[in-house]
Amino acid sequence: MTQPILSVRGLNVRFRGRGGGEVHVVRDVDFELAAGQTLALVGESGSGKSVTSLALMRLLPGEPRCRIGGRVLLEGRDLLYLTEAGMRGVRGNEIAMIFQEPMTSLNPVHRVGEQIAESVRFHKGLGRRDALDRAVELLELVGIPDPLRRAQAFPHEMSGGMRQRVMIAIALACDPKVLIADEPTTALDVTIQAQVLELLRDLQARTGMAMLFITHNLGVVAEIADRVMVMYAGRIVEQAAVDPLFAKPLMPYTRGLLGAVPRLDIFAKEKPPLTSIPGAVPDPAHPPKGCAFNPRCTHRQGGLCDQRTPPLEAAQPGHDVRCLRWREAMEAA
Amino acid sequence: MSIQTTNGLARRRLFQLGGAGLLAATLPRPVLAAGGKAMKGQIIAGLSQEPTFFNPLMPHIEVDEAVYWAIYSPLWGVDEKGDFIPQLATEIPTQENGGISADGLTWTVKLREGVKWHDGQPFSADDVKYTIDLLNNPDFRAAKRQGHELVTKVEVKSPTEIVWTMKEVYAPYAAILAWTFIVPKHVVEKAASANDSTLNTAPVGTGAFKWQERVAGDHITLAGNPDFFGDGPHVERLVIKYIPDLTVMYTQFQTGDIDHTGLQGITADHYEEASKLPDRVVQANLVATIENIGFNLGKPQFQDQAVREALYYAIDKQSLIDSIYYGLPKATESYLPQQSWAFNPDLPKQSYDPEKAKAILDAAGWKPGADGIREKNGVKLSFLNSTTAGNHLREQAQQLIQQNWGDIGVKMEIHNLPPAVMWGDYWMMSKFDSVIVGIGFMVGPDPDATDYFGGKQTPAKGGNGQNTTQYDNPEVNRLLAEAASTLDRAKRTQAYKTMQEHTRHDLPFLPLFQYTLIEGVKKGLNGFKASINVQSNLWNVRDWSWS
Amino acid sequence: MMRYLGSRLLQSILLLWIVSLIGFFVLYLAPGGPLAQFALTPGMTQEQLARIAHQMGLDRPLPVQYWEWLSRLLIGDWGQSYRDSQPVLAIIGSHLFATLLLMGASTLLAMIIGTWIGVLGAIRRYSIFDYLATIGAMIGLSIPTFWFGLIAIYLFSVKLPWFPAGNMYTVGDASFLDYAHHLVLPCLVLTLVTVAIWSRYMRSAMLDVQGQDFIRTARAKGLPEHVVLRKHAMRNAILPMITVAGLQIPTILSGALVAETVFTWPGMGRLFLDSLNYRDYPVVMGVLMFSAVFVLLGNLLADVLYAVADPRIRLT
Amino acid sequence: MSEATLPAQPIEDIAPAARFRAVRRFVRHRLAMVGVVMILVLVLGSFLGPHLYPFDDLRIDMRNRFQVPFMGPHWLGADPLGRDLMARLMTAGQVSLAVGFAAMILSTLVGTAIGAVAGFYGRALGGALMRFVDAMLCFPNIFLLLTLAAFIQPGVWTITAIIAFTSWMEVARVVEGQFKTLRERDFAIAAMMIGSSDARIIFAEILPNAVAPIVVAATLNVARAILLESYVSFLGYGIQPPLPSWGNMLNSAQQYLTSAPWLAIFPGLAITAAVTGFNFIGDGLRDALDPRLDA
């Protein structure tokens, strides 16, 4: 692996409720991200993926409502120790982010050109005119036809796919080193999804930026990611390159997720039955004892899984897993 | 007058040399206008109600009169002593001077020469005839026709002489004329209907002040009339300021924002403080209004004279006056103000004697029932008492009286109404049980009160008047008629005095006190004279001047 | 747009008609009448009063009177005051300035203060400030305006003679400063209520907007907080406030009536009360209709402004 | 920052548990509890107080007129007729609170009925009713109230009636909105399918689901009614003396503002406390019954 651009060590996020109790939503997350690389962060809703990404951007509410611990190193600088002004210089400039809901992520009262230009003006010190020119360029880059006219449009005058392209244009405005894409395709039609993924891949190839791709859709992961990180109840439970993970998932949860993906793989010898994971993500305020997944786990072993919290162990080089019984899974595979 | 004129003329020449207009506008010196009057400064008079209507012949409220006295002139006015003073007429017609014929039916009035209306038109006998005829015109919305309707024929002998004949001798007519302002024929005639003439909003008169402007809801500005036929005016401007809140009015008097507190004056609770103010002159003057409790004699509770008498004994009148009204009003037994020439000072004085009250009721057969309320033949001594809502002091008085009467086993409930309801059919058609009201019973400066006490004057019985208590005493009726139909002051006085004895005895109303109006003027403002004979103490504002 | 305005105007006219019906019949059927005030004029008699009532047309059947009033209104004749025989519109006109001055000044003040309290409360949600502002607003909404006015007079006019207790200006000194000096207390009193309403709505609008995704987008762009706040959050939070402002007009008018009474401010509210006391029907009806027009136009204007300010809205 | 980024909360269900949760939320609402205590104190004070307090509210005592609070036999001082201010405040409290409650009940009934009919039937009838509501809302409420007050003989019941008549419109609007949406919901449609009568659908099916906003509006209406009563009484059109209400006590205190300010201060505090109390409760109820409207 090349020198990482972004390196996250021991990231912890705790929220304090209004009642005073503390909820630990992200626990000891470590990962690294290199230029040109795409890391997928996968998990169900409520697993802590989005909080992780917002924590990197420091977009979570400040203390005392939310405490972030650990280190987030961007080319060696710890973002968690930057001043708020310093952090603003990073956001949208060195790390950019696109969100799940293109329908609501754009400000309805400003023209899209202005919303793109705003970022350039602030970070690059461009004048109003120049910034707008740049916005038009970006719109063209993200494949919006007639960009000159579209720059004058309001968000509600555009379709969802278009708006997501605008969001991407905003994110790319300052040539960021890292792009965090938080479920960028989830809210879109399937055909549009493919186009947007294609666009992201294409742009990444052109700019060489690193991408942290957050999704709950493993189908999308296979399309875009180099490595995959599976998150459950605030913890990384499995981490590997795409192929080994898809080929040989070690954590029952990952297997569950894979089982929940409808496959259109016509070459598969035998179609495995479509399964789903019973139950729901645990309440982070009251995590179960032992392995967080144990109440839903089909491989759960009483007296073990509900007693001990499993550590993250390297099953193979580059393939980490957090399961007390991964060896059995390994053998079975 | 003559000295002033010469002096004024001399000065005027002086001013003309230097450009009178410019100087007059910039220098705080006496302004000398065409008529050669010395007018200096302005007077700001505060009133707690707003004068809004300026045709003096049409229905209006008391406060409007403040403006009328400044703008219009009657044939003769009446001063604070009750004497008539010639205004548009050169003398007061009497039988002695031949102005009134021996039979009392023909009046001849000589008018002042050279009087001009504010718009420059000359005043003449035609205007007087027009005014009297207009009052008798059935299509005209006259405020009152009393007296005028007895005039049968009006003849203009010359521009300065007018003669009319009356159906019968009617003594109060001179007094009524003292309150009848003459209006300009040429102005009223212009309107399609006399009801809608420009006089209603922009009056034109012959008085000491000319109409300048009105800012509705705020103030009225009148300008000194340099052509006024009499002495005065002595100020350039009279501003009548409407200040609806008495406390605010007092504050503004304190701070000097207003020079005079007019109608409603200073509240009693501020009197002591006000009289100590430096550079202010504060007077408490008795006015013609008599506070009284009126009984509806049509109701069974009040038909027994013993009840009315007992109720009178049960009122702690002196405490009421002393504590609620700060001792300022004067207890009275009559319907007339004590300044009136017909006032009878020898009426028996009421005393607070609840025991006697109880005894009277016991004797008359009004025995306490199970609930402690007295009753007789199924009639309970329980009734409502009404007044206009919002009069705080009177509401307190009501509550005190309520308690006084409760002590002798009489239940009085307070049932106050907004003025627009109170003075409607409720009052006029005698729908009340009892009321507590302040009424000026006189007709102008004349002690005639036929309207209030004449047996035929009860609207509820189809009569034409305001005898809403439904009082009907044949002797009183006779005395009232006799007094009105003679011009002999001595005979009239005797009749009214006897009549007051009757009302004191019969008690169709319980006289409580004669009101005091506390008015203040700034020191240095001369000429203020309180008078019970008019409805506004601005009546002689033409004579007011700054030292 | 034109069609929208047309239909709104039609609707407003319908509403005004209902308003006129309610107002007219309630008023004319109410006991008492405009002539009662003359009853105590010396020499006034019942017969005379009846004659005057007849000449004024007050003895005709109500529907006839209503029809006459309405048909005159339709050709722009609002009638004449019984009290001072001026045209009703002229009377309203002469009182309008005072009310507009008071309403305008206090609304402006309330908007500025209320907006800031609301915004600060929203961005420092659950802070001491927010808590106090919330309680303060609730109390502000609960204090009777007139009482607050009385207390204000007692404190700042009686005990500390800083401000005049009433009137709009001093006779003879109608300078700007003099007006301003008189305006302070009534404006303060009227502002109290509106500021409370304003800050509450502003706070909730801000909270609403702050939860929106586009605010996160703006932050993710690395924009400074004040830009996020002004350009993105407040710009959007202001939108519902336009409607709120339109809907507040009746409340502010009511407040103005009370404040005008306490401070003897020569405006429409006091005109209304005085006219009601005298049963000056044409003026009372005039003020009622005028305020209804004012309210409806205010709402219409708010809707139009909303459409101008929010590109998503098209008036159809 | 939005709550949306917090881990997902369990979804609200419509089971009795939700009702329990609403009660719990209400009880935990600090301001609402302050409000409850304030109202309890005022209600108990007004209705029980007179039985424990040594002075009568109507007894005139000229020797003690204008007695300053805490400086004589009368705790909170005495009025111009020497009547005990505290006793009068209690009687006035009975009147003002009763008017507030009664007006609330009346306005809620009227508003609910009209709103329900308008929302349920829609179309011409509903439209006509709602235009009437709109027209009523065109009047600034004090203007309307005063006009109506001129129409009636002021007394406790008539004042209550006209206050109710000027404050039912908001309830009607809320209920109409609720009915419009609820009648399209499954349970209402199902009821219509099986041929339930309109009355049954309105009262048994839809109304219970619209109770939360009605309760909130009703609570706030008590506050409003108390305030409105004080306004009309202050302006001289409301409850007439000698029966005291907090509003008319202020009316008569106005002229003694400089010499006896306590006559104005205490009734004003009482009104403010009562209105604030109900507003607090209303706010708490809104938060408790409808967590989405968290503002």
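Residue numbering begins at 1 within each chain, and the chains themselves are lettered A, B, C and D in the order written.
Note that a contact is a pair of C-beta atoms (placed from the backbone, for glycine too) under 8 Å apart; a residue touches a chain by one contact, two chains touch by 3 or more.
Not measured: the values here are computed from a predicted model.
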If one overlooks subunit B, the chains that stay joined by touching are one piece
Comparing each chain's Cα average against the average over all protein Cα atoms, the nearest is chain C
Contact tally winner between B-C and B-D is B-C
Outermost chain relative to subunit C, judged by CA means, is A
Subunit B and subunit C have mean C-alpha positions lying a whole-number Å distance apart equal to 39
Taking each chain's mean CA coordinate, subunit B and subunit D are separated, in whole Å, by 47
Cα centroid separation, subunit A vs subunit D, in Å, comes to 51
When centres are defined as mean Cα positions, the distance from subunit A to subunit B in whole Å is 91
Multi-chain contacts in subunit C, i.e. residues touching at least two other chains, fall at 31-32, 212, 216, 279
In subunit D, the residues touching two or more other chains are 1, 150, 153, 254, 257-258
Multi-chain contacts in subunit A, i.e. residues touching at least two other chains, fall at 59
Subunit C contacts subunit A in the complex at 126, 212-214, 216-225, 227, 231-232, 235-236, 239, 309-312
As the complex stands, subunit A meets subunit C at residues 18, 57, 59, 84-85, 87-93, 96-97, 99, 101, 104-110, 118-119, 122-123, 154, 156, 167, 170
Per the touch rule, the subunit D residues reaching subunit C in their complex are 1-4, 31, 131-132, 134-143, 146-148, 150-151, 153, 223, 227, 230-231, 234-235, 247, 250, 253-254, 257-258, 261, 264-265, 267-268, 271-272, 275-276, 279-280, 283, 294-295
Listed in rising order, subunit B residues that touch subunit D in their complex are 246-247, 267, 269, 319, 323-324, 389-390, 392, 395-396, 398-400, 402-403, 414-418, 420
Note: in the complex, subunit B contacts subunit C through residues 42, 44, 50, 52-53, 59-62, 138-139, 141-147, 176, 179, 195-196, 200-201, 215-219, 239, 241-245, 247-248, 251-252, 257-258, 417-424, 426-429, 439-440, 442-444, 451, 457, 459, 463-466, 535
